[in-house]
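Heads up, there are several structures right after this.
Next, two complexes with subunit A in common: one pairs it with subunit B, the other with subunit C.
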Partner chain A sequence: MLLLAGCWDERLYKDHTVVSLVGIEGTLGEMKGYFAYPEVQTGNSEVTIIESEGIETRELRLNADLKVEQTIDLSMMSTLLISEDTAKDGINKYLDVFYRDPTNSLTAFLVLVEGDVKDYMEASKSWTTEAGEYFARFIRSKEEVSVVPHRTVQTASSILFSEGIDLVLPYMVLKDEDKKRPELGGVGLFSNGKFTGRVLEPDQSKFLGLLLQERGRKIKYSALYNDQPLSFTILNVGKTRKIQSPTQVKMDYKLKIEIEEFSDTGLRDVKKISEIEDFIEEKITEEIYNVLNILQEEKCDALGLGNDFRVKKPEVFDENWHETFSNLDIQVNVKAEILKTGLIH
Partner chain B sequence: MAEEQNPQQVILTKLKNSFYNSADFVAKPISWWENEVAILCFYSSIVNKSDVERIMYFFKNNLRDDSLYWGESVYTTVIPLDEKQLAKFLCDGETIVVRLKTKEMIRITLPEMAYRQTEEPASEHVIQGSREGLVENFEVNVSLIRKRIKSHKLVVKQKYIGNETHTTISYLYMEQLVDQEALQLIEERLDKINIDLFYSTGQLADYLEDSVWSPFPQLLKTERPDRIIASLHEGKIAIISDLSTTALIGPTSFFSFYQTPDDFNGRVITGSFYRMLRIFSFILAVFLPAFYIAIVSFHFEILPLELSNQIKSDIENIPYRPILEAVILEMTIELIREASIRLPTAVGQTIGIVGGLVIGDAIVSAGLVSNMMVIVVAFTAIASFVVPSTEMNASIRFLRFPFMILASFFGFLGIAFGAIILLIHLLNLTSLKRPYMSPIIPFNPKAIHKIFFRTPFFKPAKHPKSFSPKEDGK
Partner chain C sequence: MNIQLTRIQFFMIMFTIFTGFVYISIQSPIITNGKHASWIMFIAASLFTYLLFIFYEKTYKYFILGTVSTIIYHLYWLFNLSYATAFSIYLISTWISPYTPKIALLCLFLIPSLYASLSRAETAVNIGVVFGVFIFFFIAFVSSAYQDFNYRNLLPTTESGFNEWMWGTLFSLNAYRNTECYLILRKYVMKNQKIAGVPLFLFVFSLFAMFFFSIVMCMLYFSTEEFSLISEPILFLLHAQEVTFVKRLDLIFAMMWIFITIITLINYILVVRLVHFKKMRKFPKTQIVIYHVLIGFIAYFIAKFEYVQLIREYYWIPFILFGFLLPILIILLNKVRGRTIFDSSNSSS
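And now, the complex of A and B:
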């Protein structure tokens, strides 16, 4: 057994080029790939971008290898940029190469980008941080506030292979004139493994985050309450889903809330607090319905309701699930509870 | 007169001849009581002459051999003449007066051998606590120990080793507490020793250890009396010799090498912290370079991206593989260490600076090794010097080489296999037929916390024992 892993398997670090950011665009047949890696020149490193063409992703990588003096290694890839067009074609067939190799990084983030992938790659030259790490940090910090859900090569693939849940991926745009600072455009919705073209605005995607409810995330929200600014953080979400009939789902959400900013006095008053709670419930319910409507329009079952139906009402779940989903009657009931009110009353 | 002198003259020549006319050998006739003539002989180099003179004066003027036990006193004893024994006694530094008339010899045991004053042991510094160390003298050593254990249960037994050197070896133990089997084993093994020249405790250790070829020392070497008494109290046996400041203590467990009297002189919490730190340093010292080599040659994907750039830029222009790089540096450090030990302290420091700073800096800028490797190797070196025992320290420094080679051939898998072999070896190892890894194997849940924590003194109501003495004497 020891011989299975002998020195012939050695991969010397100095003989490998560690790529941190990969971009793919185009569709099967004519694809373009970009590989960004740091080239070290006496002290400071500079990002070099290798461009390659090929008919599919594996070939992109092989072709790119021909252009570097060392072997290209994707084990530290931290972000994979995917152009809109590629995503619309169905993302699964392009991802295969990234999760099949055991040394590849499974925790790389998947990011959809608007327009030319090359622009985003070029933009990375102006950052001080490592190209892929910039995107990774960007996404990670947005995950903290629940604006984007946690989707890496690994989690995205498992979602893609499941029929009862649809993928959502962060969507980035390059708006500024210099084309140096990509910003978050929102969350791109997928239906049946294909990008729908519809993007949830960051304001809305927060509530998608709430619906998906990942642990340890905080959702911040601001509104005007009687012309007074009211900001709060949703600390914890408790949810129950009930399938009431083949066409009706009921979702209960219990929110624990911390008031961040509220300039009106009287937060000690129990009556006032319950008034604010009511207001928050109403506000959030409205937002959630908005998001749900968009999801249903786009037939994007990001919540994984399909998996629930598959278990509890298998007769409803069939090939036409996405159609069924868009016609579902989803009822949401939000219960808010203010736990912390801050220091000033 | 001439006829009377003859027997003395015969004996004198015979004596001198049998001592090969050695320059420091003195044998001369003296007048004893009344008309009696006796022969006085001694080695002038190893006898306290003025004290001997005083005792002889007292004998001649105040004593007569008409009473029972007339010749017995603290320093003297009278036995029948025996030429073989005579030589042995003389070599031990005794002064002998041979009474020709009664065929008796009066032994005056007043040797004066050169030895040092007790000093702080150089190899086992402590911050607080006793600064006494053993010296190269049996009597002083035993007195240092008796001073600390004022109990008649402390037993000192002696054996002579070396057919020519005739060295006194003494082993000490606490009656009732001692591990009887280990004691028997030590006695057996001491009896089996058959060498001509005996001059160091290292020789003794070779005869007493269970597996001489193991890299791990199975007997604890110490120069500290306080450490010896702590071990004696745990039922262990200490062996001290007349010619070395080192005592051997056995049976020992692996973890006793990682304890120092400082733990017990300081506070409970800090003592525990440093004990854990030392155990951690063992892991670091053995595995760190191997770990680094495995990463850069097999598994670089586990590096965080931010760090990877630095490392990559460091190692990019190193002409050879990581294992060579590591061996070059490790060898440099070993050379520096070896050189500074043999040199006087002042020069030793200079070597340290030249070696550490100058070579360290130049070797990196010359592109022979990478910065990262210097950090790793330096770290390892420091970690390996944390071990309180010099012997264990050497074992650990040796152990990392096989691990480095394994890592360079097989990566993490190699390290894992190496670790398994190391563990199997450690678990198999015994010290005087007692398990070396005790209390982990055999598992003793009550004692296991002692590896990591130094427990308060008032707490253990039971007798501390690392092995099982027959009776724990409460």
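And now, the complex of A and C:
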């Protein structure tokens, strides 16, 4: 009986154009969409880009359907590229179609791009891997080292619906002259669901990663200590956040460190270890304050402090939360502990 | 028609009847109405239901359905089964098979149910064991979303006012809306099997744990505001999971849920049969076929978004009316009259 019921709903691969990368730009009323899919041409699989125009996201797909011999299928979409102007308009309304249709992939990564989306789509033609999977792998590898947070269609929508946290998305740029290799420009900051236009550089965004402390992620950092290179990995972050008063938050971070590079005389001396720990604490505290200042300037509560206030001090959490957040006195205390030094002292 | 149930069989039938239809959709109305304190409301509703079960266990012997109450329950059950079937085919057509005709989906549910109902009663009684495997997979799949859980979604519990508490609790009670089936099936449990005390507690606790798990997992995963958009959060949660062995985890769960729904339908119709065929009736098989056709007919017409949503809004009523008020009224009336099921069965035989 189940097999019989499936007859009407069989979806054969040969009848569908399986798109792995989608790009949207423009705002409601005047939008452009790009759909990348692999096509076998002269024996090789090559990426084909379909461009369409429309007044909203669904129409982009319907119009793109008119340009291919099969039906466009987004069930295997790995990445959705969004232009800055679209993001500045507030992305929730553009995501509805991806969220509503059960055949769409909710695990696709959302990526902001600088400039024309078309350039990023065209760049995918020179890659041997599937266009969407390239971006997905790129983002996953950056997630591992906390440079970008994990944001898919579903997790982003969840944040956009929540009033106590703001979205941040990976931000990619095309810097090379022939525009073939996109690179990470950092993390784009949102406030109230709209892109602020401000981007945290990758060096800064890793500290946002530290503040967000997603499980299983590492953070790598390099600095000069007494003119000697010092590189380390933050293996684990212990975090406590405490609301001291309606205007003050205290955040304590306990970091477990592994030294990766330190070409000084060695670390046998316990005093030296303690000195380096102090140095690391000082450096990281400084970096965290820099990031927090930018977040507060942009009224981007990416840390979800609003949710903390909603739970513990609901009287402070109101429709003016973003204003309150920008004026919060946030105190950060970092404690570093060196756990490992590699094979040598 | 007469059957003898062991304690395990009795609890297994009850477990499927309680969880089968509603499990996939119960979370949204509770959380939308109850907000952040929904999980506490569900605990409160479950405590109330446990006390009600204790009361029913002590008084089930007074639950004798007369002519009027039998008609009322038959009408309610027919509607309830039709709505459950309509909701099931609506859900399948949304999540799995948008192009499969409604009539084929109806057959998917009703033909196995008809077959089981025409077979010996033991077929329906024992079919619920499939549930065990389902629970194991379900817990494992849902727990895989733990990285995206946010405990702050469960707080603050103090912001919910009287309205939130009232509606949140009423929709929580909907999880236990088929309580009258307990009263009907209880008398078929073998006399030497103990139900009161620890067995009853374990049964209610396992029901509670199953529902509570799903409510808390959904609350941890989704922000409260999302529930006004998402009607089947469990499926949505699974849809958003990325695993290596399958692209859409929600489809596996939905397929399991189809089997569970069919089993629930079979068990529920067993309850209807026990009441209807209490007296010897002519052409029992024809009547069972007609009953299934009726369910199919009603379900066919209400399996639309508009009707499903409309009925869903008012689906806190069945527990209050048919699971709570009417049974208590029947029990009290018979207690005053001094009639018990034992006298009744003696007189009918």
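The rule we apply is simple: the second predicted complex is superposed on the first by the 335 of 345 C-alpha atoms of A that agree within 3 Å, B and C clash if a C-alpha of one lies under 4 Å from a C-alpha of the other, contacts with A are read in each partner's own complex, and residues count from 1 in each chain.
Note that in this section a contact is a pair of C-beta atoms (placed from the backbone, for glycine too) under 8 Å apart; a residue touches a chain by one contact, two chains touch by 3 or more.
What you see is a predicted model; the values in this text were computed from it and never measured.
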item	value
Which of subunit B and subunit C A:S75 touches, first, second, both or neither	both
First, second, both or neither for A:D9, with subunit B first and subunit C second	both
First (subunit B), second (subunit C), both or neither touched by A:F161	second
Partner chain in contact with A:E84 - subunit B first, subunit C second, else both or neither	neither
Touching partner for A:E281 - first (subunit B), second (subunit C), both, neither	neither
Touching partner for A:E298 - first (subunit B), second (subunit C), both, neither	neither
Dominant contact partner of subunit A by residue count, subunit C or subunit B	C
First (subunit B), second (subunit C), both or neither touched by A:V18	first
Which superposed partner A:E143 touches (first subunit B, second subunit C, both, neither)	neither
Shared subunit A contacts, counted only where both subunit B and subunit C touch the same residue	2, 5-7, 9, 75-76, 105
Complex interface listing, subunit A residues touching subunit C	1-2, 4-9, 75-76, 102, 105-107, 150, 152, 154-155, 157-159, 161-164, 214-216, 304, 307-308, 310-312, 314
Subunit B residues touching subunit A - in the complex, by the definition given at the top	295-298, 300-301, 303, 305-306, 308-309, 311-313, 315-316, 318, 321-322, 408-411, 413-414, 417
Touching residues on subunit C, where the partner in the complex is subunit A	94-101, 104-105, 107-108, 111-112, 147-148, 150, 152, 155-156, 158-159, 221-223, 225-226, 229, 236, 239-242, 247-248, 250, 255, 258
Of all residues in subunit A, those that touch subunit B in their complex	2, 5-7, 9-14, 16, 18, 20, 38, 40, 43, 45, 73, 75-76, 78, 103, 105, 129-130, 132-133, 136
